[in-house]
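See the structures that follow.
After this come two complexes, each holding subunit A, first together with subunit B and then together with subunit C.
Let's look at the complex of A and B:
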């Protein structure tokens, strides 16, 4: 029996394998735990905290926390929903998110999470920070106005593409995704076929000449909330 | 009993949200049964004639006149709604928010590649409202009761919200009707 671990999420019994995280086990059971920075096949680093759940009464990031026998996990509660809304609100006011002309709109995970949580407007004052755009690369654009510092591009470039094109620099409000120590993106060996070109949850790293290809109404999150594909697998 | 009154205004917006109001098509006949319009570009009434049940604000605050109109709406309306992304977050006009105002005016009236302005004067007539340092979402200027995002919010979103408010029902919009684009 040691190859199976049983615990509960919101009172529902879930079985998982040793070494799985709460998030992986929940996904397999068809229970959606909201998340932003997590991406399948990348090493989770728990930076966004959207997937925070209570495990035996203590807040933990579900994407990094391994499952344990008999754990009592709270996920879909009013308190956690409020916590998640706060994070999304802050991400919206800390960047310059102009959904109305963004190529990613409709396919954006930040926007989709706000839709799912029912946010009609962020409750905090907008900061309108000054951020850089790097359009030097022939096929790919970086618009840091939209960056939410999820770290997916950093990980994908380092761990999958083995190129380490992206890295975080700076701290706090000045933290940003930098390219190969001050070089422009065109000076790197970044290719549109790299994994790192496909992982951005928002419209920060986007491929040129493919924007607005899908008409409004048929985009990924136009009619179905983010996470509904996982919930469709509910047992 | 007289019908409740609705007022609308376009501040720093493009009138697209007002177009979306008109996009309710033949339901506008039902709307007229439900409400009277007070101050609004729809009927061209310039000043409030009395207390209004609902005020719809399109656009954020880019100049001092926008602020005065918005404050006037807050004084006269029981429920004030930010309609569209400009009212909600500043929208396209807010793209100037991380550029100093002087740089924006210089680009528009002095340095822009298509500018013809031999006098070299940036318009400064006292009839022209002064620009604010940046474009503010309405809820950073007055209390806003509801936000209706979208660029513009669809006619269905506006219709369902208005009807729910005017018939004292909860505003419970389906997933498809809350969009930021």
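Let's look at the complex of A and C:
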């Protein structure tokens, strides 16, 4: 049995191992497929749809779809770029994102993705939803204004920390990440050292009193666009 | 007849922010009332509730697109107290000072070259088509270039210390998040001699103008008043930090070396039915006579000396004009402002040559507090930030008093005085006469954007009403 699977992404031949997802194989080959909810070490669950690619002409989430021999994958196309921009756009307007005073600015995956895709201002109207802040925990603050419902904290707490501190409640526009049946974070055994404290792609779950300690210019995406670390590994 | 009152009011182009002047005339064209209304919007104090305190120095910059750095630093100073950082490291304090002097330098340069020089160089009555920054650029090209370059220099200093020209993040509770690299330092050292030279030139223009026109401007929009500013322990001017000092129009101290954390014991604000903006005054004197001026004029008046040699020499010349007594001439603000621009340049020079700016000890912390006040001498005057923070680190109360609010009563007096002197009873009101109203307001360099807590710039509108309350004319420039 062959231990290698060969397929193409945008016409480039890529080799991967059985069981790998398209996204993993692309990463290993130095091809960046934009993504938001996916995170290494967490079980991919395909919620954000930013990583959508065409596999043999059908749209699929690259972070959950396993590679298959001879598959023709389209990633860097105008159509998919438009699709991704729309998702990012909606994530901005569905929350309250004021990047100019957000401490995640420069380290934020949503913002970095917007820059990478060339979004300067969202085309949809802002919804200005009413969201709350949970500052009860001594070391961690949750600012739900910036939550993009990626699910990383839910998974990390459940699968890695084995605590199930976060969960989604509500539907549609009312969906939000809640803490143990709507308790305050201080009433849980959440620790700043938990994996779930370190996975939020945006400025929603943040460590208290860190703020702007890292100056502008030294933040993760200040000089290199998101995905460039993966592209640096291009073969 | 009403035709004679249908005067053209030129666009009010050179005050930043949003405000309204209304002048009421009686049947004989006599001014019965002249007021400056600024719509003060305090929505910000509500907006900030619940936000974590470490976010505030960055968040408050939303208050004003014109003087964000002053808010950044005043809030950071309050947050220093919240985290119990009662003494910053030398690197942190000096980086913040450098940021502040850079801001002072660029703000004063913008005001003087861009907004004021047309009035001083061409006269209040000059053709408004020439009496503007383009006119200056054509007739005095060197000056126009200097203004732009000085502003740029100040902005680059802000960028090097705060990280960005606007919405910087440099000052954090307990210190600063970066030092000054050797490369950054050298890029400024290369230009500082030129900046000092141009500052001397600007000072000379302001001084010569004041001295040569003293007769004419001594009473222009002028009145006796109290003056308030921060002052260093030894009585030196200190734009970044100090205690509060208030003096009366003759120089007698009303209070001195007051810890600004106790400001509510000394200063309070009055609400007037016709204005959305409050009127602060000194408690011990009362609302009637307790109002005061802040800003460059007040600072030069209140200090015992300036600790940089050239600005100190300039201060002595300035004080000699009024025989060592406080100068109460509204138009003398310009001269005082240019003394400060030179002082800021001297301070920047001092700091650039200070090795502490390359230090790496950036942040300190101490015993946490739940309430704190931060004050700074912003380009336009004393800026107060006052916060309460709960045990969960969230803001529960914010009270800000901006320079323009302190100067509310003085600016109203200046408007009334000029209206009375130049507009009252005049059958034909020319553009030049109306410009005088604005000239008087502009001397204070009000930041209406700040006062209204609105982002960006908004217009000042001057409206003239006849005795029946009908609008004769009004002009607004967006």
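The criterion applied here is as follows: the second predicted complex is superposed on the first by the 234 of 235 C-alpha atoms of A that agree within 3 Å, B and C clash if a C-alpha of one lies under 4 Å from a C-alpha of the other, contacts with A are read in each partner's own complex, and residues count from 1 in each chain.
To be clear about the criterion, contacts are C-beta pairs under 8 Å (C-beta built on N, C-alpha and C of every residue); 3 or more make two chains touch, one makes a residue touch a chain.
It should be emphasised that the depicted structure is a prediction, and the values quoted were computed from it without experimental measurement.
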For this session: May I ask you to decide whether A:216 touches subunit B, subunit C, both, or neither, giving the answer as first, second, both or neither?
Result: both
Exercise. When the two structures are overlaid on chain A, which partner does A:225 contact: first (subunit B), second (subunit C), both, or neither?
Worked result: first
For this session: Using the superposition on chain A described above, determine whether A:40 touches subunit B (first), subunit C (second), both, or neither.
Result: neither
Exercise. More subunit A residues touched by subunit B or by subunit C?
Worked result: B
For this session: Check whether A:115 is in contact with subunit B, with subunit C, with both or with neither, and answer first, second, both or neither.
Result: first
Exercise. Counting only touches as set out at the top, which of subunit B and subunit C does A:171 meet: first, second, both, neither?
Worked result: neither
For this session: Name the contact category of A:101: first (subunit B only), second (subunit C only), both, or neither.
Result: both
Seminar exercise, completed: Footprint intersection on subunit A (subunit B / subunit C) at 98, 100-101, 216
Problem set entry | Complex interface listing, subunit A residues touching subunit C | 98, 100-101, 103, 133, 135-136, 141, 208-218
For this session: Spell out the part of subunit B that touches subunit A in their complex, as residue ranges.
Result: 82, 85, 88-92, 94-95, 97-98, 134, 137, 139-140, 146-149, 151, 175-176, 178-181
Exercise. How about subunit C: which of its residues touch subunit A in the complex?
Worked result: 50-52, 54-55, 57-59, 61-62, 83, 163-164, 167-170, 172-173, 177-178, 363, 392-394
For this session: Sort out for me which residues of subunit A touch subunit B in the complex.
Result: 92, 96-102, 105-106, 111, 114-115, 118, 120-122, 125-126, 128-131, 216, 222-225
